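What follows is chain A paired twice: with chain B in the first complex and chain C in the second.
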Partner chain A sequence: MSHDLSAFRAEVRAWCADNIPPDWRRAQTGASPEEFVAFQRWWFDRLHAAGYAVPHWPVRWGGSGMTAAEQMVLYAELAAHDAPRLVLAFVGIHHAAATLLAAGTEEQRRRHLPAILAGELWCQGFSEPEAGSDLAALRTTARREGEHYIVNGQKLWASGAKYADWCLLLARTDPNAPKRHGISYFLLDMHSPGVQVRPIRNAVGDEHFCEIFLDDVAVPAANLVGAEHRGWQVAQATLGAERGLTMLELAERLNAGFGRLTAAAPLDDPVVADRLAGFAAELAGLRSLCRKLVEDTDAGRAGPADASVVKLFYSELLQRITDFATEIAGPAAHAELAKPASSGWESGAWLLDFIGSWEWTIPGGASEIQRTIIAERGLGMPREPAVP
Partner chain B sequence: MNTELGDEAIEFGRQARRAIEAAGGDELLTAAVAEPATREMPAGPLLAGLGAWELSPRTDPDDAEAAAALCRAAGWWALPYPVAERLARPLDLDVDGLSVVAGPAPAAPLAGLELRWAVVDPDGNRSRVVGCGEPGDAFVTRLRLEPLDAAGAADLALALVLPCWTLLGMLDRALELTVAHVRLREQFGRPLAEFQGVQFQLTDAEVDRSGLEMLAKHALWSAVSGRPDAVEDALALRMAALEAAETVLRVCHQLHGAVGFCDETTLSWISRASQPLRRLPLGLSATRDLLTRRLGRRPLSGIYG
Partner chain C sequence: MTGPAEIHDELRAVAADLLAKNRAPDWPVLAAAGWTGLEIPEALGGAGVTFAETAVVCEEMGRAATASAFLGGAVLAVGALAAAPAGTVRDELLAGIAAGTTRAAVVCDGLALRDGRLYGRAEFVPDAPGADVLLVLAGDGVVVAEGLRVDPRQVLDETRRLADVSADGAAVQHHWPIADPQRVRDRAAVALAADSVGIGAAMLDATVGYTAMRHQFGRPIGSFQAVKHACADMFVRLQVARRLVADAAAAIAAHAPDAPLRAAMAKSYAGTAGVDIAGKAMQLHGGIGYTWESGIHAYLKRAALNRTLFGSPQQHRRRIARHRAATDSELG
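== the complex of A and B ==
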């Protein structure tokens, strides 16, 4: 490590020691939605004041201009110090920002990037009841009428939509074009008339996923991102834009959670020790893969399937670690039914973490889709028979 | 060993499944989760009406098969009632049911019921349940125990085997729900069921489930015949049941996609209800460890032994 990076690490460590509330897990356990939102906003402001909320943004827009190496240090240290996770700001600071920076107009950037730093929350309106893995089959329509598009349809699995001010929306603008060529990308104001959000209670007992119903919603034509009918290409270009660093953050958090698990585990039991040792080796592999993905993406030499390898590896390892953690925790895990809000996927309420881990192999490209990408783009296997 | 349940047991299981459906089916679980104190009604009288508590699985092999079929039917609906535990009650104690517990903080899914329980640990020590803690997930509660005796070794096998039949019923259901889902759900212009990658996942799950079914029959026969390896056979069954549950439910969740996590789908409820059966009294590693220690270098005698 260079001298500068060591100094930066020391600076982040000192900041963590001074700023991470030592009792946040207790305070966020059983927190009301209002307490959760207030804490998320407070934590975002705190991070942002230090330059740690959007280290990946350009300086011009309020980012920190950190190198990839510095960002890796930042995420590793935040995880190691058990920092709360930015749950509500996630889509805004990553997907919305990446989309605006890559494909937005100057006006759109000026309208939204400062607002995101001031607390504007975003969700993603991509999936639909009939369009999950086959996202391009989406049916929500946007019909041009004068200076507006009139949007009708239904979106599903929009995480955090009940808190969101804005939504990244994909809708079909040309019903007659081949399915990937008639889609447009919009910025949708969630406070517009005709937008209705219904939270969906999931197996962990929370309501983070939502359905969004869109009934004759008028979206100003100025909120189109990229060219009309080219939304699929915009989404493809921006979806993976940050994958390296967000996956690195998750891997570092899993590693820290694993540390909390091993600290409490009965290591004198050879069965437990053997399993934990195996996980430790796998975690070392995952963290290295994430680091390489970030470095290769930064250097413009990432392979077309590298991000898929990381997502598949993380998802399945998370499931196995939380499963075994539930085993070690034994009957007590069944009594631990309150997961601290603002925590990660390895909160330490292991039974809930385990049930929650199942959703990781499904969204953002299900494991079947990741495997197809690895086979076709990574290994050069022939494509599945063509679908119209 | 018998590789098939008798016709009467199969018919009894079929009737039980229909009776539970008529009494509310999946809604019995959602209602009981909302209000654990309602677990007894209507499940208790329904099972009594089926003649469940007149079965004597510890003394009559036909009754043991009927008991297994009943547990499987209860599992199909994830019936919020400890059917297997009640059917496993010991012959010589005046209690309503028997649960296997292990570890320093004994717990079992017995919350919300006004019944008299005994527990047995893997060493055959029996205790009476004298109090319960707050109900947790899936009716699991901490138990306060008063030691009774060390005479429970013979009670252990059946008390381990019957809950595996309940879990088998849950896996039967999860697979049926998933096969129906992938036939119906279309992505990329065709039903998911037409993708070989989807078919292969389901075949792996079905291979595990059917292997579990055969072992369940073997361990039941071993327990009821009082064979010397009955507890080891029961532990081997439990290991297979936990492994199959993991494979089957992982595949079923994956192929349902996100909707499988939502309370709108039966799979989500079944999956959660399966957790205590899979974790208590011992999870997979601890079960494997216990079996290994009990067997030492001795092999299982198996069906031809």
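== the complex of A and C ==
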């Protein structure tokens, strides 16, 4: 197996050398939205032609059916060679595909999986203005009318919604059921009448987060995923499915970015060297945790809070590293006015990266929510008394 | 299928059971359990396994705050002797260690060879008091000499036995060259890091258990977010430390080139984490945690000693920084 893996590593390295545009960072710094989208589509096609865009998908759906070990090698090499990241396709190839493969109908898979490979983009419509950390409090409604559901409400923090063709939507189908038992999971065509998208400018100045307004939007009943009123359970089951590998990719990226940081840092300053050495150890721990999570998920023995441990540790380590990088970069970090589009969360425009790190400690279950999950599900500590 | 993970789980369970019943197992008890000979070849009466298994025992000893001579007599002594060339004296020492009839200790730093004699003073040598034989790292090898002076050195941690060892022209009886003396120190560093992981696990378990029982304001204190989140942070640190120790132990077992770097990472991170977790456990146990009777102080003292022996976190981070500067390479 290790021989096969080293052959595969060599193959990926050779591919990287031939296919990663050497000047992409410069070209993508300050790129217009159109240039960014075009570059993302071009890069997706290029990766997919090599079998590297959806390595985790089953072969029957156009994936490469790679083992977890092969995917680890792939992500490590792409990161080490500073490949552009797949940003726009992310929700489609990970969350949408995982949901369809785990809970979708054959018909839904046939409609959507090939289309994702052909370039259809997805976003996630979960959070709402009054349903952030308390996601199950969501108020968007879906009312059955004949062969359709009529959807009304508002979604928030939908990354990439302005480019998305489809949306993973959670909406309340039974307003009288307890919070988590009246929600259904839908595939929403973003081109439907009544869908309106408004980008929100975020703290680093870009606009990938969007609001989605849903005004009497008709969703075919065939676009229901799983059973009616069981959407919360579908979301719980599918969100975790990709956590291991997506976190592993991010950890490899952070490690590569840290390499660029140390290469430029004043290591002759013992205080700087000490801090960086501490981060190096923590990064090694993070990467090892991610590999373990992938292996344990594969073997069906991951603990109930293992993904939360990784998400929390990654988010806060990213924040601490980018903070320190900003500190040692001095005023120069403040004059980096744009980071390269398609780069990671550790692009090297350190102040923008530092500010952007809150995009990890807040969304996807804020750090405080992760700590509660770890304590209650991982350690079995007593739950909060129920709110009346 | 029985993989390394299953073997470790079994060893862990057996060790936890024995150490829960016997807080201070003497040397023959450790030998009877098969732990002193874990890494000694089967031909000499050992089990012929690797440092990864030794690290499992170390973790369990940390969890139970075991008072034993395992660090000096097995981790260090077997590491030093295994590096020496095979021969009658060396082999007899190893066989004695496996059988439990010989208890050795290793002096890693402080003594030096001059004109075939040993001079100098080494402080805080683990398990030197009462050792049958002292092995000294000196002159790029392992030295056995006559007439070393051992002065026990009492420390606040009552679970470890340390001594200062001095030599003033001690005559060398044996001198075996070894290729990599640093490896012996790295083994000790990772053993202590594993011990600290065990301490952290014990302290987290105790805290989760206590805060579920202890009621204030009409509810278990473990239901308060301030307490829960502190425990979640302890758990995250413990999990990271556990990975770094497992990777370092595997690297040492495999004689991997990055073993010194992995050891420095494990020792610096786990050494600090052990103290922080034990300290937080004392805090979350409240007034009870500060009593002598609760025993948390014993874990805190042991964690603090683990942190300092065989290199402080800051010293190990300096090794990491030097390594990165020298190689400028990424860890695979």
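Here is the rule we use: the second predicted complex is superposed on the first by the 385 of 388 C-alpha atoms of A that agree within 3 Å, B and C clash if a C-alpha of one lies under 4 Å from a C-alpha of the other, contacts with A are read in each partner's own complex, and residues count from 1 in each chain.
Everything below uses one rule, namely that contacts are C-beta pairs under 8 Å (C-beta built on N, C-alpha and C of every residue); 3 or more make two chains touch, one makes a residue touch a chain.
Quantities reported herein were computed from a predicted structural model and do not represent experimental measurements.
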Touching partner for A:31 - first (chain B), second (chain C), both, neither: neither
Which superposed partner A:312 touches (first chain B, second chain C, both, neither): second
Touching partner for A:368 - first (chain B), second (chain C), both, neither: both
First, second, both or neither for A:358, with chain B first and chain C second: first
Partner chain in contact with A:380 - chain B first, chain C second, else both or neither: second
First, second, both or neither for A:263, with chain B first and chain C second: second
Partner chain in contact with A:282 - chain B first, chain C second, else both or neither: second
Touched partner set for A:132, first chain B, second chain C, both or neither: first
Which superposed partner A:331 touches (first chain B, second chain C, both, neither): first
Set of chain A residues, in rising order, touched by both chain B and chain C: 368, 371-372
Chain A contact footprint on chain B (complex, rising order): 103, 105-107, 133-134, 136-138, 140, 142, 186-190, 195, 197-198, 246, 250, 253-254, 257-258, 260-264, 268, 271-272, 275-276, 279-280, 283-286, 288-289
Chain C to chain A touching residues, read off their complex: 204, 208, 211-212, 219-220, 222-223, 225, 227-229, 231-233, 235-236, 239-241, 243-244, 246-247, 262, 264-266, 268-269, 314, 317-321, 324-325, 328, 330-332
Residues of chain A that touch chain B when the two form their complex: 127, 130-134, 137, 156-157, 200-204, 209, 271-272, 275, 319, 323-324, 326-327, 330-335, 337, 351, 355, 358-359, 361-363, 366-368, 371-372, 387-388
Touch list for chain A against partner chain C, complex: 76, 80, 255-256, 259, 262-263, 267, 270, 273-274, 276-278, 280-282, 284-289, 292, 305, 309, 312-313, 368, 370-372, 374-376, 378-385
